[in-house]
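Okay, so chain A shows up in both of these, paired with chain B first and chain C after.
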Partner chain A sequence: MRAMRQRLDTWLPLIVLGVLVLAVGLYDRTFFSLGNVLEVTADTMTLFLMASGVTLVIMMGGIDLSVQAVASMTSCILAVYLPELGFFAIPFAVLGGIVAGFVGGYVSTRLRIPSFIATLAVSGAVLSAGYWFSETRSINIPGELSQKYLSWAVGNFLGVPNEIWVGAFFLVLLSLVLGLTPFGRVVRGIGAQERAVIASGIDVDRVKIAAYTLSGTMAGIAGVVMAARLGSGSPTLANEFLLPAIASIVVGGTAITGGVGSVWRTFVGALIVQVVRIGMTFMGVSVFAQQIVFGVILVAAVAVTMDRNKVLVIK
Partner chain B sequence: MAAIAVERGQMLGHWRRWAPVAVLLGLCLVVGLINPSFFSFGNAVRMLNTAAIPLVVCMGATFVILMGSIDLSVEGTIALCAVAASMLVTNDLTGVTIGLWSVPAAILLGGALGLLNGLVHVKLRIPSFMATLGIGFAGIGIATAILGGVMVRIADTDFRNWLSLGRLFGIPAAVWIAGIAVLAAWVIQERTRIGRWIYAIGTDEQTARNSGIPVERTRILIFGVAGLFYGLAGALSAAQIGRGHALIAQDRLFTAITAVVVGGTALSGGVGSVLNSVIGVFIVIVLANGMVLMGIEPYVQKGVQGILIIAAVALALDRSRLDVVK
Partner chain C sequence: MSVPVLEIRGVSKSFPGVKALDDVSFAIARGEVVGLIGENGAGKSTLLKILNGVYQPDSGEILVDGRSVSVASPRQAFDSGIAMVFQEQSILPTLTVAENIFLGREEEFIRFGLISRSRMHAAAAEELRKVHLDIDPGMRCADLAFAARQMVEIAKALSLNSRIKGHVTILLDEPTSVLEQKEVDLLFRIIRDLRDRASFVFISHRLEEVLDISDRVYVMRDGKVVKELSARSASVKDLHQLMVGRQLHHEYYREARQVPPSPAVVLAAEGLSRHGAFHDVSFDLHEGEVLGIAGVVGSGREDLARCLAGHRRPDSGTLHIAGAAVRFAAPHEAAGAGVGLVPAERKVEGLVAPFSVAENMTLAALPRFVSHGAIRFAAELGVARDWIERLKIKTPSPDTMVGSLSGGNQQKVVLAKWRIAGVRVLILDHPTRGIDVGAKEDVYDLIRDMTAEGLAVILLGDTLEEVIGLSSRILVMRDGAITARLDAPPGGKPRQVDILRHMV
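Coming up: the complex of A and B.
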């Protein structure tokens, strides 16, 4: 019985995705065409990239609320410096994400501030930085520059949109990091039983800072891909992405209490969020009202996945 | 030796208690020295007026934080209540005009949303930051969906005068209302059972439960009370700018959290007071005012507030009470 329950938990997100896809497909047959499937997946990739790094943080039992500000900031850095620095604007922009992630992790662990408040505070500073880089404007990326430097993110390869290749690359990379490296095992361990990991002599703070840095990095990459897709950078570009990103992670089955989870679950979760969004658009639910549904989905998914044995008092 | 240690502990506690006041006075002095117009009556009224809505918001937020929880739904609740209030007075979108009755309506709507926060958090046993994050986003979503992206213009001059523009002894109505809100919050904190229970729950929930305090009911109620204050803040916001739209509450959450923690209320719960938050609000407002007087770009403020949050939380945190920080 227990084994069955566990197996069901593992496959539930995939089953939900399958049912949703079928439901939307019955409504509109063209949904199943290869072109449409690729397009939907490509559209999901920025959300997945943003959520993939946060997955590691949530698996440790923390949270990173700064990702949408970070992605917006990196989109500004990219758009501002692309004409000057050319290709090097990309690593420079991602560096912005790395720094923001590192600061969030450092503040949370070394100053011992709960992660949701530390990352919220950092997101304030990051937002200011975004406004500073962009001088509070939205900045267009000229077409020829985009063609030259950003085609790896927005073109096609073997008939598959490049967003999917980028997403798949990071899906595999992060899965390998989590599954095969000591770092990945410690991340899981911190989420499962932090005191035990501390007692076994591992420098928990260093691992945590590394995970937050990775989260900032992925948010930075998501910002770059987003700017490439939209052809502009703006200090509010990624607004309204935080809620779907956290929803993707939790809907995928990663518990916010930590210890359980994986990056492919977030991938499935992001697809679920995207299909739900498409379904709502079909049914004529306005883009604004969709936030309401995501709020409800988030709360429901947290309620289902949370491991209440781990926390005595829920604050 | 032990006596000295205790004494030093008390000294430290004493110092921590008065530190926010010292910071506020120091800040006033510095800004005043740089720009003497800071001390003018006009500037004081301007600052009081800016402080009015944050004060009301912080009264609610403080109660929640004193329990060791957090309410991230502030912006969503204020936005929805502001939109509701502006649609209930004379406006260019709906035919409903209930005048000043829209204020209690907005307050009750806020209270209902707060109760929803509390119910979801307590009954579904979800951490408050997660429950309120979801509900807050939903609130903004509802506000946007009602308006379909447009905004409501308020044509009711009574509403605007009574809640914001009108003056008594040269001080705007919003400031008087904020003063009443502070008084109400102080009475709830000091003179009611539930006010005392907040501290018990924030200090040690298990002990509070064992000593017979209805922890669940108190938690839900306090989220509801916080919602009442956000509802009032929503009505005030609508009256202040004379319009209602979904982004009316932007940055309110950030300012509120900054003010509460800078005022000396600990995020871990049990330590602090609504009066601390009053000091905190003025620290934030004086700093912002000073930055404007010094000609610093307004968008820098959020960054400065972020750094303030980190500094204040780091200084005030009682580290002996937590071993694992998530």
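Coming up: the complex of A and C.
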């Protein structure tokens, strides 16, 4: 029975995805066309990139609420500096994400502030930074600059949109980091039983700061890809992404209490969120009401993935 | 004896791997004060927790006024007239004194759906007067001194007496361990005052106090009541003897394998102090020796062990490892210097339960199993298999989740972890807690194996007997200071009474 439950937990997100795809596909047959499948997947990638780094943080039992603001800020940095710095504007923009992630991690571990407060505070600071970089405007990225420097993110390769290649690259990379490196193992250990990891003589703070930094980095990359796709940077570019990002992670089956999860699951979760979004659009649900649905999905997914019987007190 | 106010008959309670209570019977008469003594792990706390509804007995029954009752929760215990003063305080520091005293019983102060502060404070002041505690009931408990908080805790338990009609029983689990003599005297006066309305069960490591306040004393050992005697006719020495019980048998602790320690000093502590825990502790630890530290809960030995392993910081004093001065700010620094801790809370600090046996074993030595940034899984599994064999760990495979193993095998995994990390000093905090007899003997063998290879071991034993049997030298601690240093060579082991004398 228990083994069955576990197997179900593993496959449930994929089954849900399959059912949703089928449902939407039956509603509109064109949904199944290769072109559409690629487009939907490409559209999902920015969400996935943003959620992928947060996955590690959630696996440690923490949370990173700053990713949405970080992605917006890096889009601004990219748009502002691309004409000046050319290609180097990309690493410069991502650097913004790295710094934001590091600060969040440093504050939460070294100053012993709960991560949701630390990253919420960083989120505020980063939002202001985005306004400062962009002088509160939306900044267009000229087409020829985009051609020159950002085609790796928005072009096609072998008939597949480059967003998918970028997403797949980080999916594989982060999966390897999580599965094969000591860092990945300690991240998992921190979520499962942090005190035992500390008592085993591991510098847990360092690992945690690294994970938050990674989360900020991935948000930064997501911001760059987003700016490339939309052809502009804006301090509010990634608004309304935080809730779907966390929903993707949890819907994929990563436990909000830490210890269990993977980047693959987040990938599947992001696809689920995207298909739900498309389904709602088909059914004529207003864009403004869609956040309600994501909220409901988030709560439902936590209810399913978390073994609430084992947790005595919920805070 | 007429019908006892509180009685338990044939109560047994097992935890995985241990029988904490074995067919225990126990009775308290109206107005009686009953002392309950025994070594750590004898079953006293388990017994109290059953009476208080925290644990459910596996078998046997609880009777109040001769009627069988079920005590499924502390609240039910309270309603049956049983209140407990916890060893670890149950006072909520952010609430006021009055709120704490009447926590969960606010109904009687409710007027128009709101709690009437003035009524509650007046009632609290009344309760505080009974314990001669002159404080404002509106004070936050966090602002009280430790002993005052303890008195609030006692006032809370005693308040039951004025709230419930009929007789009550108050369970006092080591209520005096943090109190000054003056406060102890006061507590005893209160207990005597209340005897016409309440009965008491009194647990303390201070045997003089037990004899002073109790009418009868129950002595527990290994989960059983081994003796019930009148306090008037007993002496502290009798109690010591009864607590200790059986004679040591040398083979059990592998005494023949006890090696004379080498002169090389691995770890040297000088004047180590930590405020409120221990002070001016100095000792040398030699290669290949087992240094036992004996002491009751609150003697400071747990804090000392944690300071040595970097889990806490001492305020003053110096620590040398292999001649070099060290100062540990975190466990990873201690581990880096070759000091490991096998913690008492195995499931919380010892193991990552959802990790496999192999993953747990290599956790303290991960960098050694990495090449080009990736963990070498084959090497990891090989080492894990090797240690599973060496330590005779019963596990289906190295990939099995460690949480599914028995306590003894889990403990062996923790030991293997530190052996693989190659530590020179291993601190064992209750290494045989909660594991069965056979596994205990395996752990004793492993300790002898380690010392034979030159490791130095600091042992905070589960029982005094264990400390004596395994150690080559013993430090005795009381109230944060070392009170005795005894040699324990094979064949010349100190007697338990000699050590107990310095402990309590």
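As a convention for this text, the second predicted complex is superposed on the first by the 309 of 315 C-alpha atoms of A that agree within 3 Å, B and C clash if a C-alpha of one lies under 4 Å from a C-alpha of the other, contacts with A are read in each partner's own complex, and residues count from 1 in each chain.
Just so it is clear, a contact is a pair of C-beta atoms (placed from the backbone, for glycine too) under 8 Å apart; a residue touches a chain by one contact, two chains touch by 3 or more.
The structure presented is a predicted model; accordingly, all values stated were derived computationally and were not measured.
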Could you say whether A:117 touches chain B, chain C, both of them, or neither, answering first, second, both or neither? first
After superposition on the shared chain, which partner residues are touched by A:201: those of chain B (first), chain C (second), both, or neither? second
Figure out whether A:259 sits in contact with chain B (first) or chain C (second), or with both, or with neither. second
Does the superposition put A:107 against chain B (first), chain C (second), both, or neither? first
Between chain B and chain C, more extensive residue contact with chain A: B
I'd like to know which partner A:34 touches here: chain B for first, chain C for second, both or neither. neither
Of the partners chain B and chain C, which touch A:180 in the superposed model: first, second, both, neither? second
Classify the contacts of A:132 with the two partner chains as first (chain B alone), second (chain C alone), both, or neither. first
For chain A, what residues appear in both contact lists, the one with chain B and the one with chain C? 195
For chain A, which residues are in contact with chain C within the complex? 176, 180-182, 185-186, 188-189, 192-193, 195-204, 259-260
Residue ranges of chain C in contact with chain A within the complex: 311, 330-332, 334-336, 340-341, 343, 348-355, 359, 363-364, 366-367, 369-370, 373-375, 417, 421
Okay, in this complex, where on chain B does chain A touch? 67-70, 120-121, 124-131, 133-138, 140-142, 144-145, 148-149, 205-206, 246, 254, 257, 261, 267, 269, 297, 299-307, 309-310, 313-314, 317, 319, 322-326
Going by the contact rule at the top, pick out the chain A residues touching chain B in the complex. 60-63, 107-109, 111-118, 120-125, 127-129, 131-132, 136, 194-195, 243, 246, 256, 258, 286, 288-292, 294-296, 298-299, 302-303, 306, 308, 311-315
